[in-house]
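First subunit A sits with subunit B, and in the next complex the same chain sits with subunit C.
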Partner chain A sequence: MAVETRHRGAVGQSVTKVDGPSLVAGKPVFTLDHDVPGALVGKILPSPHAHAAIVSIDTAEAEAVPGVRAILHHGNVPRVPYTTAGQGWPEPSPYDTVLFDRKVRFVGDRVAAVAAETEEAAEEALRKIRVEYKVLPAVLSPEEALADGAPVIHDEPDAEGIYDAKHNIVAAVDIPVGDVASALAEAHVTAEATCEIPYSQHAAIEPHGVIAYFDEAGRLVLRTSTQVPFHVRRIVARVVGLDPARIRVIKPRIGGGFGSKQEILLEPVAALLALRTGRPVRMAYSREEVFIASRTRHPMRVAVKLGAGKDGVLQAIDMEVLSNTGAYGAHALTVLSNVGSKTLPLYNKAPHLRFRGKAVYTNLPVAGAYRGYGATQGYFALEVAMDRLAEALGMDPIELRKRNHIRVGETSPIFEKIGEGREGTAQVVRSCALADCLRIGAERIGWKENRGRRREDGPWVHGLGMACAMQGSGITGVDMAAATLVMQDDGSFRLLVGATDLGTGSDTILAQIAAQELGVPVDRVLVYSSDTDFTPFDTGAYASSTTYVSGNAVLRAAQSVHRQILDVAAAALGERPEVLELAEGAVASRKTGRRLTLGEIGHRATYVVDQRQIAATASFTCPESPPPFAAFFCEVAVDRETGVVRVERFVVAADCGVAIHPKAAEGQLEGAILQGIGHALCEEMLFAPSGRCVNAGFFDYKLPSSLDTPRIEAILVPSEEPTGPWGAKSISEIGINGPLPAISNAIYDAVGVRLTRAPFTPERVLLALRAAGK
Partner chain B sequence: MSGVHARGVRRFHFARDVEEALSLLAAYEGRGALLAGGVDLLRSLRVDIEGLIDITRIGLSYTKEARGGLAIGGTTTLTSILESRAAREYGGGILADLLHRVAVPPLRNMATLGGALVSAHPWADIPTALVALGAEVRWQGEKEGRVPVEELYQGPFRGLFRQAVAIEVLLPPWDGAFAYEKVGRTGYDIALLNACCGVGVEGGRIAWARVAVGARPDRGERLPWAEEALIGQRPSQTLWQEVQDLVAKRIEVGDDRRASGAWRREVAGVLVERALARASGRAGM
Partner chain C sequence: MKLLFELNGVPQYLDVEPGERLLRLLRRLGMKSVKEGCGTGDCGACTVLVDGRAVRSCLMVAPQVQGRRVLTLEGLGSVDDPHPLQQAFLDAGAVQCGFCTPGMILVAYELLQGNDDPSPEDVRKAIAGNLCRCTGYVKIADAVLLAARWKQEGKWR
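Moving on to the complex of A and B:
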């Protein structure tokens, strides 16, 4: 036991999550658990039309409803073009949104908002707002959006940053490296795949919610379920016309986000309603509103062409993307860019590359950030094409990956060519255990013994498939995180971070990173995060950034505090700091063996001699974005007679550098795999010809449940990232990139048909079997 | 998906017996509703309801043997049916086969057989099985009656249960066994297609056969021509396959957003074949 306590808190230990006990005890930790007396209820009137001009809005009857305190619509709010995407400055998403417009662009678009004393009064008022619409022809697919003479979705003159509004193209990229066309023509073998992903949902348990209220000084406080508190503050200030210094954003415990809360949705509406009424305002999306009015994954079609020599070494990769951003361009350019930037460097042996694509507007719900952020869509096509290439070469798919994947000391021109909506940053891979991941994962699933066997069990045929992926750790040249670490008079610590724990466990991990440097158990580090009044800046929880970017900031602050502690101890002991060592809650001299506990040091610095606050603020920008790597293996069973696919087993071996908290890292992988299985087998938002989503809820939009969960084996394969805090890289997104291609490839191994349109429903699978004459 | 329209609901009653439930229902003149598990009512789009009359305390929660078959009270939850000893043996274990595939345990703890009978969604599993099993329902309103579920579903049954309580579902004895098949998108999904089949054998030949297919997307119905093709034949894999082909040829199916008619046509045959094969196995053929 003594040994265990000595190591408790060290990096690499699965310590109790700092928020675990309060969650288990059901403490009121979430946004809307907070009761603000006298709060009004805010509600939004959604558009019933996919595309329409608002001819008139008459709110007289609605205002007369008892209890109604304010109604907002395009006629009475400032018109400030902005983007709802919560990204760093300068924002790469177009300013194509205003709070309330004269035009609606999808079923569910904001028409008006009401604040009232009760939910009933707010709903009655919504029903009594008379809106006259002039219905416009709607664009319900990316192909229609690009067709000649298509209705123009963004014809407003004040929008900024749209690539080609007249043709509904929000963003376009075309990045050639070398000469792909000739390389493909000359390649010994070629293979291609065109894969499609539909509209899908993040399905975080907690819907979006916000409370806007005023503090004693009359400043506006937004307590909100967000991944990006600092962007909320900046964007809300601009949109509602308030001095940012008069806004405080607090992020309490979040019930999941997966990217859907990297978006500024309810906050400016609640802020404006609060400002108009002088009253606190609570707003929350219903599950139906989350489906239609928050954000989705970008539906995409990705076409990949590969050319390779006889030895399987890739000569050319051509990737072409058509992305549907829906009615507004939140994350349109950056998700599009990521399709290439997070996939192509994985196979850096290919000298000829081309990445091109368009993101287009449609009159459908708005896509945004979603775990994987384009890489998921890219890997689906890339890894199915790789499976085909292996077949054409008569080579084992694992061998093909081994001959092509990037290794330590290597680079890819893509790192420099594609960044976050602009040029990226050249970088060299400093840690990569993908070769180990491939070997360990293959052994675990029994690749050699079981692949290509087509084991039958009645109508069920079993098959094995695999895929590889990488991601990044933060956004180079954009992300910045800061941390303030304060030593208290009792020798314990306060860690203030802008980093946003949205359920991922980052509060715990950041405490571990500090505790490791300071030689104390985790419970000696009190973490307070994401409050724009009290914590330093952080770009937010997205782009797999927190452990790496925020973690590095914490480590630097801890190193500085470590030095300060040694200085104080040195003065007290009359020794040089170089001979002192901080460990196990005390500073000891290697020379004399004399010791001072942290409590004694804190007390001395606070009260006794040379009084000062031992504290440091440090920040970290992201000069490079070290990729985590993973190899995915799965076994599926396909019912040849009904088309039903069951995932029997899933093995993922991932390299996230040093796992700060192994259980949390495995949890991220397991969750991402299951979310990916949902993409592969059952998740799809469906639309009526009017553009209305017809399955906006869990009754008819299916997530895999515990009944559908196969054995998921998450294996952490260690490497050491020299630029990471204690050797760590990211782990939160990469897991979702594997299931789509691995399952598709496994279905092919089982029954010989390629599924390229997700999800692989019984109907699509059976149709593919019949089309192949099977 | 508008959820609960609690707005209109003014009163909630716990009825003590059937008579009280009926008189309360009558007093609301159409603006009252019987409430059992409530899982369906909560999703319903009815906005006109002012009074909810809870009938779970009127003594209709039981599963018992009755003349070789089963009698199940109208407010018996799906979980308690699953747990009852009497139900376990019935029809070769058909009720466990069926109910384990209905929704998820927390929902089964609330949902009742009466509620399932009355809500009778076209995609639901329980109506398909009730029709295949030849279930009858005993009801009480201004009058009392007893009617085969199959016949009930051919008429305006929703109107009846706005003024009457489904007292009991009676499942007749069968000398043979049934089996249930379902395809959903996940393990807890509603059916894209379902089938319930049963067979009994005498002297080496099929004496009776029941074949019903539901979520076509219409509500489960029997396929009499498929049953006729089975009766008098010797049970065999070949026979099940012949019926599979017949079903695929003749069944009436349609498209909805969950699946196409073409998929349903082919898979209906498969599910019938599988249910027949399993049922005959259970019957010890």
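Moving on to the complex of A and C:
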């Protein structure tokens, strides 16, 4: 490892999380743990209809409820089209949303909002708002949305950025490379898979919450559970018509996000209620509201066709996507693009590629960013198709991957052709340990001994499956992070970052990156993050960006501070900076052996001679997005009588470059894998014919518990990313891409049926077994 | 109505609405470690111990703790003086976002009160009613087993 030994100890150590002690002590560190005196309670009136025009709203009775202070609806709120997606600027998602519209587009859509002195008063007021609806025919599937004469969901004239509103198409892409049709026709073997993912939810255990209040200067403060504080500030300012300089956004500790909090949902409503009443306002989604009114994964159908030569080398990959964005187009184009951009480069041997797809509106809940961000959907189909191709070739699935996967020094045309809602950036892979991941994972699961054996015990049949994946580290040409590092007079450091720790541990990891450069233990670096008044800009925590993009900004700031420290020490010691070395909390001269502690240096710079603040601010944009890689292996047992699938073992071997904090990196994999197992086995939002979600709670929407999972075995396989901070790249998303295809492939190995529609419920497994006559 | 109960070792005597949920009361009294993840008894984030037994405070009303002892995470240890279980959660890397952590630590505490030498299976069962969306439960189970070992080694106070 090139992590130089003169900087000791911080990188590669699973140090105590900087926020850990307060979290295990149960300190009031989350958004709604703050009591703001005199705060009103804000609540939202949801639409009972999937698609309806609001004929009239009568709030007289509601206003008369004692304690009600404000009611907002389309009649008294300025109409500003925007997108709830918290993305960089210019925003790639369409402006198809207004705070309150004259039309509702899904069950749970925002009709009105109330602020009242108590929760009870707010709820009573909601019950007393009289709304007359004209119910419109609803569109409840993407196929219906595309049908001739389908109801138009976005017929408002002021929406912007919709690809083809008349036909309910939010976004469309068609990117050909070479000639896929001929290559498929001429291929020695072909294989295909069409896989479907339903509505599913992030289900962070902390529901979304926000407190809006005013500081001493009368500025609006939003303390909110967000992944994107700077986007919140920008978007709220525009939507409520306030100078952004009058808004401060604070992200405290947040209880998980996974993409669901990359969305501007409650913030503008709370802001407007606070502005109207001049009072603090707190708002929280109930769990049911999180289900129906926050965001979901984009349900998709992805069809993949592969063509390969006799040697298994791919000649063509054709991928076609139909994505359901629900009632609004948040992340519709970018998630769609990522289905191809994060999958196709993995098998860069294929010269002929085609990626096309549409994202369409329906009158169902709104999809958004969810860990994996399209890649999860894409890998399901791609890796099931690869399993089929291996079978058609009579080749081991691992061998097929080995012959096709991208390697160091190689590229793919897709990097340049598909970006996030625009063209991407050409790049060469500079680190890739996928070959090692495949070998190590296969050994751990016992691939050679157990694959294809169909071991039986009673009604249970065991099988093994595998899959591969890559992701990225940040968004090229879009992401930007900045960090400010300040040396205090006592020689300790303050690190200010806009980066947003969602529970991933990024505050700790960024402190480690700085500590490594500065030769100090992590506890000498105090981290303050995610406050738009006090920390420099950061696009936010999404797209697996923080360790790489924010981490590089921190490293640059630390390098500059390092140089400044040497300069001060050089003047003090009367030596040249080149002979000085910073390590273990002191600067020492290689020539004379003389030493100055950081405390002495800080004191001198602050109080004694040539006084100055030792500090630096640095930025990092994302010129390339180095992919992490992973190989997934699982053993399942399928009960032929009941259709129940049990995951017996799950092994993931992943290359995230140098793991800055190994336990945090493993934790990201373990958590992502379990979410993926949930997708594969049990998670699906179900809808009544009215478009109402019928399982909007944890009783009916089953999240995997500790009894539903084996002990997930996460193995970190080192590589070194030359462009990463201390060799690191990302880890947070990639883990969720593997379970769907790996489990589907394992079920096939066990009982010979292909499950292509998630989740693989007992009913679906039994039906597949019956259909195959097994 | 008047409610008398013991909260983290301190007697409380106060007025409550008979229908007030225990979760709300405890948060009102500053026990912000008691989290609301669902409000319907399905996630365990609101777990507290009543007379040593783990209960879901979102499903209870305040009068149900009349004359009883309630323990929340605040009563177990502090930042400066963490309980071994809290330390074990830190050392094992069992805390990601930390929102499920108070409930997890309290059900683990209940388990280890009655069982010094739990098997991994015992641990999995004990935490089965508490949802965590971040960790995959791997390091949470490690933490509980680590704390159990410390207990056997006499390292609990």
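Details
The rule is simple: the second predicted complex is superposed on the first by the 765 of 774 C-alpha atoms of A that agree within 3 Å, B and C clash if a C-alpha of one lies under 4 Å from a C-alpha of the other, contacts with A are read in each partner's own complex, and residues count from 1 in each chain.
Assume a residue touches a chain if its C-beta (ideal position, glycine included) is under 8 Å from a C-beta of that chain, and two chains touch if they have at least 3 such contacts.
Not measured: the values here are computed from a predicted model.
Within the superposed three-chain model, A:Ala664 lies in touch with subunit C and out of touch with subunit B [touch as defined at top]. Of the two partner chains placed around the shared chain by superposition, subunit B and subunit C are both touched by A:Leu707. Set side by side, subunit B and subunit C differ in how many residues of subunit A they touch, and the one touching more is C.
Looking at the shared chain after the overlay, A:Phe699 reaches both subunit B and subunit C. Once the two complexes are overlaid on the shared chain, A:Leu686 sits against subunit B while remaining clear of subunit C. By the touch criterion defined above, A:Asp19 lies against subunit C but remains apart from subunit B after alignment on the C-alpha atoms of chain A. Residues 286-287, 697, 699, 703, 705, 707 of subunit A touch subunit B in one complex and subunit C in the other. Of all the residues in subunit C, the ones that touch subunit A in their complex are 30-33, 35-40, 42-43, 45, 72-74, 77-79, 82, 86-87, 89-93, 95-102, 105, 120, 123-125, 127-141. For subunit A in complex with subunit C, the touching residues are 14, 16-17, 19-30, 33, 202-207, 253-256, 258, 286-287, 502-505, 663-664, 666-667, 670-675, 697-699, 703, 705-707, 709, 711-712, 714.
Within the complex formed with subunit B, the residues of subunit A that make contact are 120, 123, 286-288, 459, 641-644, 681-682, 686, 694-697, 699-700, 702-705, 707-708, 761-763, 766-767. On subunit B, the positions that touch subunit A within their shared complex are 1, 3, 7, 43, 104, 183-190, 192, 257-260, 263, 266-267, 270-271.
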